[in-house]
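I've put the structures underneath this note.
Two complexes, one shared chain (subunit A), two partners (subunit B, subunit C).
Here is the complex of A and B:
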């Protein structure tokens, strides 16, 4: 289907570092911008979902979560599937479609330019479609690691639906042909978050957590059941949203809670059985994320029942996107960046650096503290309808995102210093 | 790490478990002791720990690394997997001299004890060796054992496991 790029790194499935790291670096920048947009438009959030809020949400979902997931899977999935990615050039092309796509979409949403937003959405859709093709190509005929692979197939299916709905909604911004977009918007949001990102996060957890903790993988059967339930929940959520059947969406959320319980049990089991006693600070992020997943589902159920007030959908969306997914991705990113960097960083004497020498823990600790503060303040502000509290939370979020970028810059500096060392 | 279906993979995994257990104990001791306080080698438990480390790490870099480099990696290269094995070989080349150094220093210490200077050096080199070896095992558990499962056929697996068991 694709030409195999001869420039592929001699180490086989290890891509040139510029491929994954351009995604990671951009995701760190977009996170700062996302919190800044939320800070600027904090006043709008009190009244519900606005263009500013939609822009901040898409900066996180497309600019940070999808950007990180794409960079990570391009590099990590081929190692797990033992099949090289078809072409690093196509990986890079994904980046050059996605980044301007996000910028145009956000600019269009914030500037009230429907056609610009539609063009941005179409570009982002093209990027995600290319990613989907490369992802599916890598997954075909893989029989090992069924738990991981089934989750990622689920993510791929959800991504296909997300892209279709997303492009339709983005084009509608410019052309205005959809008579009723509320149901499609909800389906798009649920499939993008719990579907694409959620299934991908859970699938990759089954590779990364055992590796980082040096522990046996979780049991296959219950986690395959979990993946099956998750897919059923996504189908119900999508149908319920499009058909405006809240009972189906509620049933999906209940199934989602069962999935979260199976997943949580698997993760706790892995951590308990680990050989590596010292897990590293990034596990603090992961532990928080594992709590926020069921919390987001519970909030979704409460919002659906109208028990969270007029800002219920926002509270739910914030817990889901800025809470569970962003916290999980940030923790994972902080660990896989030095992991991958160490494999590309060789001193003049041929030595790779120590991981501990690459990782600056202080900025990461600062990031976590500010991120946690941001989550609590924004949630409190949304619950109480206090714009200033939301703005203060968003400012803490900016601080946390800057600290994460500082962590990345320090990693880069330390890699360069190691390469130049004897 | 995933279900290890090959006999060779299971043996390598068991070796990893043993090595990690020794390294964990040593790491806990080094962190608790700090580099500034030389330990008292009259303590029998400590002498056993240092001896176990020297023996275990010597076994790791001779028998375990030797089997991988001499038998397993060529078999994987023949099956088309040379990128990962080249990378793991380069890590062996980095770990081996550090492990040899810590083995030599351990044996010397058991004979003569530590001075503040020799302990500070031992502490630094020991921590580096532990980190490198643990990181190396993480990669082998994720990539190498999966590759053995996927790429080594049953006959080759049987031959390799016999060689490793007899090594």
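Here is the complex of A and C:
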């Protein structure tokens, strides 16, 4: 991948660039596939959650969100915690377990092959378990940046529960031993999205957004309270799901809205106090994502009350996964990739490239437009029960994902051009 | 008996952090002189402040006799420096008597360990040419006055009978340079560059600060106008997020030998 200047890496804790960029590149490919699967199975979505929908959902959650989060935290967390990752080899192993795991899981779901899906789920579970071990190993005894670290601890706890439930559900696809899987499925979905990915996104926001905006970090106390409320909400959501107590799940959603308010206030405060005048286009993604987080929670509450019709759970899930999480991750990824590339790229004369020279804004603007169009059309299609509108939205989603891949390819091209320069 | 040469060189223009490098007890002695100087002991920000103000600045901030503070700092005098009535060389002809357009009391923020810089900068945005902003602070915010001076404000400070300071800022001209909006960190470091002796490297110790404060402190110091060509920064960790920002601003950097657990960086201006 990106050529390494050994002197840049010798003192720091940056992993070889091949480690994070392998995750990022794969995530971009999986996003294209996810929208394509949604386009193909658009007709099934009108009838509710189907195997095709589950496949598209897992392509995003495992193939894009988890893939990116793992690549980013392997690279960035050690810098923040001042503790190197235990072994770069184990980081690479995570990738080689997760990628075939996702492929087998998706293939099994789409092909109706329960055992194949179970094997894929088990492999993905093993990858996430390995990641969890490395994550916890890196977090132990870290006392700095309490807001960030507490959120990530919350994400780690949610991931542990997600993995356990996920493996049980995946094996059930092949063995069929669970008498009541609906509650476990809901708990797994909520803990994976709001728990692992949500807590990770919010935690990393507290260090990355101030860095991106050049602003002081948000206040510690209210955001620690926010983290505590988030963990309480996740516990209630998990228990409520497993025990089929909708009141507990609703309470969790209300707590979640409070958490979103605290988080949103912190992010707005950071942006308001920034030193950087021009924030960059990727902040448009972040701003949209910050709106979609409470929107997803509100949709969840409405769906729980039966006010969104039979496709309410799908609308909620789409807003949550393709809306809040995917939009946030795309914005973050489009800023992290050039940053890491700049750290690992040197010209023949030893110069590192300017970040501004690596970021190609045009493909990102195209991506955002198509992504927003895709969100609106799919949501409209789900609300109205129009398969063709959903398919059209998914096609726009493919276009957006291709534009993001184009952004990555252009970044790669610019890095190569810089390396070849004198 | 031998004398530490660094200790012997302490003068009124010495940057406190540099002087303290040869005399670890210096910060404690200064902090004991006046509540305004207790901020030098604050975790993290205290180090930044010490790296950016001179003994003369400290004396002015606390309203103390500079020579007596110097003698106390050098350990030559046990008794506390006396408070002095400070001259007002920058007093305008009549405007300090005018009614301020806006009043801001930053004592509660500072009292809670906070930094009122953002609030102050927000307040200055509403001040038109000829209008006056009044700030009430627990000490004379000398570096802040320099920052706003570079942004077209004349200032006038007066110690009140209560011990607090009433500082008036009048906008003399439109904001000259946005880049000077560098944060003075605890009402101090924005003029880091000019605090350093001409030609010498500015020493910035940002250890103990929680990210992203170390990066912000460095960028504020670099963005501030002044003669600084070289900045030596002591950090807790390799500032990987800082490097792209330095490159964008045309600064170069290299790692220096450092103590265990420390990362030391030399930042120089140039292509």
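FYI, the second predicted complex is superposed on the first by the 412 of 422 C-alpha atoms of A that agree within 3 Å, B and C clash if a C-alpha of one lies under 4 Å from a C-alpha of the other, contacts with A are read in each partner's own complex, and residues count from 1 in each chain.
Heads up, the rule we're going with is that contacts are C-beta pairs under 8 Å (C-beta built on N, C-alpha and C of every residue); 3 or more make two chains touch, one makes a residue touch a chain.
Everything numeric in this text was worked out from a predicted model, so none of it was measured.
Trainee: Quick check on the subunit A-based superposition: subunit B and subunit C, clash or fit?
Mentor: With subunit A aligned, subunit B runs into subunit C, so clash.
Trainee: Output check: A:51 vs subunit B and subunit C. Expected answer is one of first, second, both, neither. What do you get?
Mentor: Once the two structures are laid over each other on A, A:51 reaches no partner at all.
Trainee: Now for A:273: first (subunit B), second (subunit C), both, or neither, which partner does it touch?
Mentor: second
Trainee: In the overlaid three-chain picture, which partner chain does A:283 touch, first (subunit B) or second (subunit C), both, or neither?
Mentor: In the superposition, A:283 contacts neither subunit B nor subunit C.
Trainee: Can A:386 be said to touch subunit B (first), subunit C (second), both, or neither?
Mentor: A:386 contacts neither subunit B nor subunit C.
Trainee: Pick out the stretch of subunit B that clashes with subunit C after the overlay, from 27-35, 117-125 or 135-143.
Mentor: 135-143
Trainee: Going by the contact definition given at the top, which residues of subunit A touch subunit B in one complex and subunit C in the other?
Mentor: In the superposed arrangement, which is not itself an observed complex, subunit A uses residues 11-14, 79-80, 82, 144-145, 207, 210-211, 214-217, 275, 277, 342-343, 352, 354-356 for both subunit B and subunit C.
Trainee: Which residues, counting only subunit A, touch subunit B once they are in their complex?
Mentor: Touching subunit B: residues 9-14, 79-80, 82, 144-145, 207, 210-212, 214-217, 220, 275-278, 342-343, 350-352, 354-356 of subunit A.
Trainee: Tell me, which parts of subunit A touch subunit C in their complex?
Mentor: 11-14, 79-80, 82, 144-145, 207, 210-211, 214-217, 273, 275, 277, 339, 342-343, 352-356
Trainee: Tell me, which parts of subunit B touch subunit A in their complex?
Mentor: Those in contact with subunit A are residues 1-3, 17, 20-21, 24, 27-28, 81-84, 86-87, 90-91, 93-94, 128, 131-132, 134-135, 137-138, 141-143, 146-147, 149-151.
Trainee: Can you list the residues on subunit C that touch subunit A in the complex?
Mentor: Checking each residue of subunit C against subunit A gives 115, 118, 178, 181, 183, 210-213, 215-216, 219-220, 223, 236-238, 240-241, 243-245, 247-248, 255, 263.
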